[in-house]
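Letters are used for the chains, namely A, B, C, D, E, F, G, H, I and J, taken in the order the chains are written, and counting of residues starts over at 1 for each.
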Amino acid sequence: MSENTFKTDGTIDSFPNRFPDRDYLIQFSAPEFTSVCPMTGQPDFGAITVTYSPGDRCIELRSFKFYLQTFRDRGIFYEDVVNTILDDIVAAISPAFAEVQGEFNTRGGISATITASYPDQ
Amino acid sequence: MSENTFKTDGTIDSFPNRFPDRDYLIQFSAPEFTSVCPMTGQPDFGAITVTYSPGDRCIELRSFKFYLQTFRDRGIFYEDVVNTILDDIVAAISPAFAEVQGEFNTRGGISATITASYPDQ
Amino acid sequence: MSENTFKTDGTIDSFPNRFPDRDYLIQFSAPEFTSVCPMTGQPDFGAITVTYSPGDRCIELRSFKFYLQTFRDRGIFYEDVVNTILDDIVAAISPAFAEVQGEFNTRGGISATITASYPDQ
Amino acid sequence: MSENTFKTDGTIDSFPNRFPDRDYLIQFSAPEFTSVCPMTGQPDFGAITVTYSPGDRCIELRSFKFYLQTFRDRGIFYEDVVNTILDDIVAAISPAFAEVQGEFNTRGGISATITASYPDQ
Amino acid sequence: MSENTFKTDGTIDSFPNRFPDRDYLIQFSAPEFTSVCPMTGQPDFGAITVTYSPGDRCIELRSFKFYLQTFRDRGIFYEDVVNTILDDIVAAISPAFAEVQGEFNTRGGISATITASYPDQ
Amino acid sequence: MSENTFKTDGTIDSFPNRFPDRDYLIQFSAPEFTSVCPMTGQPDFGAITVTYSPGDRCIELRSFKFYLQTFRDRGIFYEDVVNTILDDIVAAISPAFAEVQGEFNTRGGISATITASYPDQ
Amino acid sequence: MSENTFKTDGTIDSFPNRFPDRDYLIQFSAPEFTSVCPMTGQPDFGAITVTYSPGDRCIELRSFKFYLQTFRDRGIFYEDVVNTILDDIVAAISPAFAEVQGEFNTRGGISATITASYPDQ
Amino acid sequence: MSENTFKTDGTIDSFPNRFPDRDYLIQFSAPEFTSVCPMTGQPDFGAITVTYSPGDRCIELRSFKFYLQTFRDRGIFYEDVVNTILDDIVAAISPAFAEVQGEFNTRGGISATITASYPDQ
Amino acid sequence: MSENTFKTDGTIDSFPNRFPDRDYLIQFSAPEFTSVCPMTGQPDFGAITVTYSPGDRCIELRSFKFYLQTFRDRGIFYEDVVNTILDDIVAAISPAFAEVQGEFNTRGGISATITASYPDQ
Amino acid sequence: MSENTFKTDGTIDSFPNRFPDRDYLIQFSAPEFTSVCPMTGQPDFGAITVTYSPGDRCIELRSFKFYLQTFRDRGIFYEDVVNTILDDIVAAISPAFAEVQGEFNTRGGISATITASYPDQ
């Protein structure tokens, strides 16, 4: 049963929302995100915050940890990190609402924060 | 009289709202919340914040402390902690408005915050 | 003249609002509030914040300090502290708007914040 | 030309707004404000924050520094400080919007914040 | 291809927005901004924050770093810094929304923050 | 037995040190201290921190709470508060070392911290 | 081999110090400590910090997590928590130096910090 | 008697040290210090911290407030502020030890802290 | 010449100390350190701080960035990370003094800090 | 006279120490330091803190501001910035003691702090 096991293959696992009649918010903060800059090959670091209102299913937290680790060796731009995570969450759990924010550490004296939400505000 | 005694059996006690004609807010912050993860049996830690606007009755604060302690040895998911506390408050005092927020400590590099309110926003 | 003298008997003194045609805000923060718990006889501590928009008269700040000191030896619940101060301010100066917030220190691992306003929001 | 010189006589100098078609905000924060309490003759200390949207003219920052210094030896109540600065700014530059906030240091265990805006909100 | 190379001549380079159907936000924070005061010739220091919602193109981050460096030896007023950066961003990428905020360090005991946005709020 | 009961009469109760052969440190921080200014009759507020190395006996924490409350209606100077608490602790438990620090809130724009220790450093 | 497995029975497991010729420091901070007050039966909360210089063996971190969990249902005074942990560490790994500090949350308006070290300072 | 009255003429008043046999520390922090720059005539702002160990007499706190106000209209360099206060304290109470620290606000992007003690360290 | 080029192969490059007669300190802080837990295969995150007093040669900062990246895919215990970095620095530049501190993020509710120095203190 | 004028040519001006018999400390903090990286030509940013005990002469603060600005267009390594400033201070005022600390902003995820003092510690 998905509540007592969870996927470790990098896909986002889910479990049934036990309070489907209530419009509530769940937020995960993952300050240990890392990926690779596709232009320089250097590691990028940042924090990913996901906020969503569940529909029929909720994100399984530990499978989500493994999902975020799939970015560790992946060359990807900041904008794509945030939009890809949002697309994957929408595909996995069809939430009523979801927002993904990536706060990326300073490079060349400039830091960047990208925020995308579903459905469009 | 409920104002000078209070329940210690883990149920939420209440006392009459002495200002029923005013729509005011009461907030309790309990940073010493702990329960047990139903999957691993390991303790979980977090902070519970309750914000409500009283109807005819108010939550008795010390009975609420004992109520929160009933979660100490209970295996329960984060989402269920927050929604269960909200359901129990609504049942105990029929508030005009109530919100429960649980901020749970980092596990596997990810922290979680769940927020539910009554009636639905 | 009330601007150069002020009451020290524990009543809220006032002076004429010199800008009655402007809808502006005045906020007092008093972090040294203390009263007595009516159930245990133990001292309670907290901070009182008053925000108001004056009508014809403003609160005289030093008389308000003496007013707050009348709670020092008084057995009173948190909810009553906040609602009583709000009632006394409304009676003293008939403000266009007033809000009183009491933030009370941790007892039994739980802190409490009560917020009431006039007229009802 | 007023852009390369500025008044030091305590009046608020101004220069032409070079972006009159854009509705933008300018904020000055002056944490070194001091005046004199008209009742006790003791010095008062606080911070003045001015936020405005310019019309045809902008406040010249250094003349504004000298303007704030005119309060140094002046006996004046908190409410009058904030409302007087607002009146003087409106008279000097006819802004589209202006707000003045004075945050005054603790006296007798109570601090005060006064906020006034033009036109009335 | 503009994603793997970028301009270093002080113009704002751009790359195609890969998520043109989503209305998302990108924010850059550059705390190492410096220019020259046109009246005194002394260096000014501050932080520039750009927030925008991309249209067809996004700002290339490293070209933007070089763009900000063009202000290093330039005599320019605070208001002009912010409005000029906003104009240059609008010209370079025609964003759906853009806001530029400049927070400039204390001079003569007063700090200044200028905020402009496109289109006008 | 003194470990399961404690005095509430305002004297400092103690219990046997179960680790008399180890030179360890115990620190209590009491941020809710209040007394009365002997010159003005106005309440004073502050925080008392006690650090000691026990000899044969340790301070019973709840009796110490009641002990500190005996200062609530007492007219006493800052210097006397700190030195009196130190004297009373030394008399009650004969510690190997003890330090008392009182940090008193701002009055007239000046805060005060008094620190005394036994034996003299 | 103890490096790839660890005890979960509440005893402190260890592994060989691979740098026995260097006098270095290891510090663990465990902010989620909880035990039970032996007088009231109420839960206590605090943070335990262990600092030690290893001899031939180091503390296995996950076994130490299970060790700290053995205090969860145990009625024990603050002083005993800290001295017991220190004794158990010394018995388990014979360190060159060890210090245990327990910072316990506010009860009755007073917080407590206990610090013990081996060998005696 | 000097304990119930105090000088307001700008001299440092004192009262007898009631614990002359104990070597304890008294610290005053005055964050509202202001004087005048002797070169520009512009106001300077800063914080003065006095730490001393009393001999036969202690500094009377309210007379010290009036003493610090004598600098309000005085043209004086930072170094002279700190050394003059130290000299005046030594002359007034012959302390066993005294240190004066002045932390002066940013001017031209540089802040300054001056620290002098008696007797020389 | 090593001052204008630097190694990117993961070895620590160095350049001549231009002030060999002065005993000064250099500190690098690298908050984006990541390695892999050898027991679970999960990523670890932390901050590495290096403090050293140079002998004849200094660490080249960008080669050190590439050196730290060699730990990204390496299974290694916390204690070994810190002691290995210290050994590699000593081998590369023979410093007069060097200290390496690793502060590793919370795992299972416990964070760890390891500090080693050369020569032994 | 050097107290009422000061050099703006980038040399460190000084004035006579009026308290030559007292061994006191003067600290300047300059958080707006900028120079140029000699390898990349990119601007570097940081904060310079100077702490010294004067001999016969003190550093004139405004000439020191102009002195620090001479680094603005200068290609120079971090280590050289700090040691050069220390050498120039020693040459200008022959202090009893001087320390210079440069804290340089993050580059490539690593920040650097260099500290040098005279005479050698």
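Methods note: a residue touches a chain if its C-beta (ideal position, glycine included) is under 8 Å from a C-beta of that chain, and two chains touch if they have at least 3 such contacts.
Keep in mind it's a predicted model, so treat the numbers as computed, not measured.
**Q** If I superpose the C-alpha trace of chain G onto chain J, what rotation angle comes out, expressed in steps of 5 degrees from 0 to 180?
**A** Copies differ by a rotation of 145 degrees.
**Q** Kindly point out which of A-I, H-J or A-E repeats the D-H interface, defined as over half of the contact pairs being the same residue numbers.
**A** A-I
**Q** At what distance in angstrom does the C-alpha mean of chain B lie from that of chain A?
**A** Computed value for the inter-centroid distance: 28 Å.
**Q** How many Å are there between the centre of chain E and the centre of chain J, using C-alpha atoms for each centre?
**A** About 31 Å, centre to centre.
**Q** Go ahead and note the Å separation of the Cα centroids belonging to chain E and chain H.
**A** 47
**Q** From the C-alpha centre of chain C to that of chain I, how far is it in Å?
**A** Distance between chain centres: 56 Å.
**Q** Name the residues of chain C that each touch 2 or more other chains.
**A** If we look for residues of chain C contacting two or more partner chains, we find 32, 42, 45, 105, 108-109.
**Q** What's the complete list of touching chain pairs for this entry?
**A** A-B, A-E, A-I, A-J, B-C, B-G, B-I, C-D, C-F, C-G, D-E, D-F, D-H, E-H, E-J, F-G, F-H, G-I, H-J, I-J
**Q** Using the touch rule from the top, collect the residues of chain G that touch chain B in their complex.
**A** 32, 34, 42-43, 45, 69, 72, 105
**Q** Quick one: in the complex, what on chain H touches chain E?
**A** 42, 45, 105-106, 108-109
**Q** Write out the stretch or stretches of chain C touching chain B in their complex.
**A** Those in contact with chain B are residues 38-39, 77, 79-80, 82-83, 107-117, 120-121.
**Q** Would you tell me which residues of chain H are touching chain F in their complex?
**A** Listed in rising order, the residues are 3-4, 17-19, 22-32, 58, 61-62, 64-65.
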